[in-house]
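Both complexes below contain chain A, partnered by chain B and then by chain C.
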Partner chain A sequence: MLGDIATLVLQGTMISAVYALIAIGFTMIFGVGGTLNLAHGALIMSGAYVFGVLAQGAHPAVAFPITILVVALLSWGLYQILVRWVEENVVITFLATVIVAVAATEVILIRFGSSPLGMTLVSGAVNLEPYGINARPRIVQFVGFVISWVAIGLLWYYITKTDDGRSILAASMSERGAQLTGVDLHSVRSKTWLIAGALAGAAGIILGSTGGATPLMWLNPLALAFMIVVIGGIGSIKGSVVAAYVIGFLEQFTVTFVGHGFRGILSLVVLVVFLLFMPQGLYGREFAHD
Partner chain B sequence: MTDAILEIDDLDVYYGKSHALKGVSLSIGEGEIYGVIGPNGAGKTTMLNAIAGFVDYDGTVRYDGTDLAAVRPQRIVRDGLVYCTEDRDLFPYFSVHENLLMGAQFRDDRDGVRADLDMVYELFPRLDERREQEAETMSGGEQQMLAVGRALMSGPDVLMLDEPTLGLAPVIIQDIGAALETLQAQTGLTILLAEQNATFALTHADRLSLIETGEIELSGTHGEFHDNEYVREAYVGVH
Partner chain C sequence: MISTILLLGTVCSTVTGRLGRVAGTLRRQVLWPVGRTLERLLAPIDRVLDPVADGYNRSLGPYFGEMSGLQFGVIAVSVAGLLTAGYWAPMVGPLLGGGLLRTLALASIWAIFAMSWDIQSGYTGYISFGHSALSGAAGYTTALLIVHVDPTLSIWVTGSVSVLAALVVGLLIALPTLRLEGPYFSLITFVAVLLFYRLTTAFSSLGGIPGFGQPDVFTWDPMLRYYYMAIPMLLIALALTFMARSNLGMILIAIRENEPAVSAAGLNPTKFKLWSFMLSSVPMGIGGVLLVGFTGNVDPSTFVVVDNSIEMIAIAVIGGMSSILGPLGGAFLFEVLNHQVLHGYSTPVRYLFLWLIVLFVLVFARDGLFRAIWHRLGAVRGESE
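Right after this comes the complex of A and B.
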């Protein structure tokens, strides 16, 4: 029993960190532009594949930053080429980004086929059985946890301590207020997509390194991002981090005490409860989009 | 009169088929407080929105010698023409201090920003007492002070104020009026003040215009407005 709880805490902590990486970019884009980016999962997937390909020839420590950069630019490009022209229309944006996601799947099927692409960020595992913990967590999971918190820390510093970053939060509270203080809204949105892309790239690398890359791997992260954003409060970065941990621990709790097949059940129940009784989410007040 | 810093010439604004501004012309001199009075819906806010670049217009707006037609709103702010709207448009979940910092977000002169922060806190001691309070939780008067303070943080040469006294208690209105006079006297700030509260505008403005149904009906100095029979009866009244 004690060993189970230790396993739960350990696995829950590590998986939640990745969930936070998955959700933050999604929630930032929604907060600033009011845009639901359904291609967010596809950006995560592209992170996995870009890293998978690069890591075949280069050292992971080199492939990692290049992948982050590539996915950040893909995200930025997606905004400049497509989304910025349709963002005023929610339905069109919805459809346009889902088409991008489906198209990405097709491209990957043509280029890589449907079998998983394996990759290694860091190899090895830690045996914790001597300590009474019934798990063999892989080192890449620890690395994922560290990457997640380094990214969150950097983002937090940027949006609370710098004028540039603070403008992103400000624009999500009041677009008119941002304009009145000389904020260039277009540049704020571009930056948000760039940051969201970088975070998605990191998430993709970790997901790919733990479970391999597949052409439909964008679906699960996208669904997770939705759930986390609803529970955390739409547009709230803090809410996304907290909700990522709520979801991660709920899933791990179900896996540990009920069974692997029921993984998502409990978090879905919680999602429904939130939708019914607390639709603004945990920190929904931070969302005040005009 | 000193040189005009803000010139509005033959300004027309349409909302669909309704003609909201009909050939409005104004010339605002450097360092003066210029009041635009008129009833609700006369077009005061529309005029300010046009100057700030938020609505399309026919005619010309010239600020500091530059035609603003092709200048984007954020550029106008950075060039020192700062607009404080009737809705205030504060950042509700930012603290007083963060709201003020946002006003200066595009500025690189750290020392100047720090000096302006001190200036704003000195001008509005109530803000100083509430540095960490979220804007949303403050009273209307404090929010208005914060909105003016945030605008001042952008280092304006011209400040456009839309209904700064709307819904505020008389004692707060006095504070805001005093702040405007201080700013004019100490920093030479030019203020374009749009007000339904004609008494307030008459108290503080050097020159005024009366705008009704999108047209300027009357323009003149403070003295001329003060003695004008029509203005006294229709707008100032005897309370």
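Right after this comes the complex of A and C.
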């Protein structure tokens, strides 16, 4: 029992860190532009595949930053080429982004086929059985945890301590207010997409090296990102991090104590409860006015 | 780093500016003259058909929408074409790669799905990503009835229970979610369909990945099969067009355009959204039953996967959302492109191509191809209003 709880805490902590990484980009884009980026999952997937390809030739430490850069640019390109032309219409925007996501699946199917692409960021596992914990966490999971918190720390510093970052925060609170104080909304949105892409790339690398990359791997991260954003409160980065841990621990709890087939069902119940009784989420966005 | 990106941005914006000018020239030099020539050619036909259309407008126009002479002619020719396809398709088929009747039957089923999606999502603006859960519910009900209750049950029993099941699942999705605002609704339906998929693969009583092979196809005769699919499709198109042109359709559009105004007029938007969802669930159920009769197999990848929902949306987008007949045309265009024109390519390549077309339509022709053509046909002799 105690061992189970220790496993739960350990695995939950590590999964949640990755979930936070998945969700933050999604919530930032939603917060700043009011755009639902359903291609977020596809960006995560592209992160996994780009890393998978690069890591075959280069050292993972080299492939890692290149992948993040590539995915960030992909995300930025998606905004510049497609989303900025349709973003004033919410419905068209998310239809267009979901079509991008399925189109990305087809590209991957054409290029890599449907079998999973394996990759390693860091190999090896830790045996914790002597300490009474019934798990063999892999080192890459620890690395994911560290990457997640480093990214969150950097993002926090950027958003709260630099003028550039504060303009993002301002635009997410009130677009009109931000414009009146001389913030260029277009460049703020481009920056947001760039950052969200970088985070998605990191999340993709970790997901890819823990479970391999498959052409349909965009679905679950997208659903997760959405649940986390609703529970955490739209546009709130703090909320996303907290909600990522809530969802991560809930899932790990069901997997440990109920069964693998029920993974996600408890989180869905929590999501519905939140939608019905607390639609603003845990840390609803700091609205000024629209 | 930042300066490189800024530089790229400038390059991009100049290129798009240049592109915009090229597009403008293209529109002025090529598209407009072609359009004018077509108008000149078509105007006499419009004039000839006007008396017939007037008769229709006086008798049925108030229920199904008024048409100009040319629009009436196009509809009449299309309906006649669909009704006689069993005879001409085998002759034309070989030119398009063969198997045209099968494609048309499949297109009829997808037309039902896309029209059902349209009456709910296209009209109210509450985009559902979960409609494949409805057809899936119908399909799985049919399969479970045949496997667990009685394999000899008639199609009328299994069919009506299945449609009822689609309605129940529709209510289960709609009741808690339709009070939510647009994006939340969409994402909940998205999660719902993922959950349905996980249930079908997690529980062996639901058949797992292989699904159920027990349900029988309606018939193996391609011509009969086509009519089994096409006639329900035309009836559903008629019924949904009638609904969409009635007061109900008007309220649904009003919900899309301005929901607070609908409340202010003393109508409860949630109630009408619920109505639209139920109105959409019933034909989805019928479509699901027909799909069972078409494939003879019920499994997650033909019924449930989220790609199916997205395909419905894509079809509706190509044809033109919130027009019922647009998605109908879209379904035939989509399926003929997919299974006939692009016949020689592998599945991912075909779908990639189709998704790119959908993206193109979304960005450059938001109203959809068939809606644009329809309005153009109505205005060949200048705006009548």
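Methods note: the second predicted complex is superposed on the first by the 286 of 290 C-alpha atoms of A that agree within 3 Å, B and C clash if a C-alpha of one lies under 4 Å from a C-alpha of the other, contacts with A are read in each partner's own complex, and residues count from 1 in each chain.
Keep this in mind: a residue touches a chain if its C-beta (ideal position, glycine included) is under 8 Å from a C-beta of that chain, and two chains touch if they have at least 3 such contacts.
This is a predicted model, so every value here is computed, not measured.
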| item | value |
| --- | --- |
| Fit-or-clash call for chain B and chain C when the two complexes are aligned on chain A | fit |
| Partner chain in contact with A:Arg136 - chain B first, chain C second, else both or neither | neither |
| Contacts of A:Gln179 with chain B and chain C, given as first, second, both or neither | first |
| Chain B versus chain C as contact partner of A:Leu36, first or second or both or neither | second |
| Of chain C and chain B, partner touching more chain A residues | C |
| First (chain B), second (chain C), both or neither touched by A:Asp163 | first |
| Partner chain(s) touched by A:Val107 [first = chain B, second = chain C, both, neither] | second |
| From chain A, separation angle of chain B and chain C (C-alpha centres, steps of 10 degrees) | 90 |
| Smallest separation of CA atoms, chain C relative to chain B, angstrom | 16 |
| Overlap of the chain B and chain C footprints on chain A, listed as residue numbers | none |
| List of chain C residues in touch with chain A within their complex | 5, 9, 12, 125, 127, 129, 176-177, 179-180, 182-184, 186-188, 190-191, 194-195, 198, 202-203, 306-307, 310, 313-314, 317, 346-349, 351-352, 355-356, 358-359, 362-363, 366 |
| Chain B-facing residues of chain A, complex | 163-164, 166-167, 169-170, 173-174, 176-185, 285-286, 288 |
| Chain A-facing residues of chain B, complex | 52, 54, 72-74, 77-78, 82-85, 87, 89-94, 98, 101-106, 150-151, 154 |
| Contacting residues of chain A [partner chain C, same complex] | 36, 76, 80, 82, 85-86, 89-92, 94-96, 98-100, 102-103, 106-107, 109-110, 190, 194, 219-220, 222-223, 226-227, 230, 261-262, 264-265, 268, 271-272, 275-276, 279 |
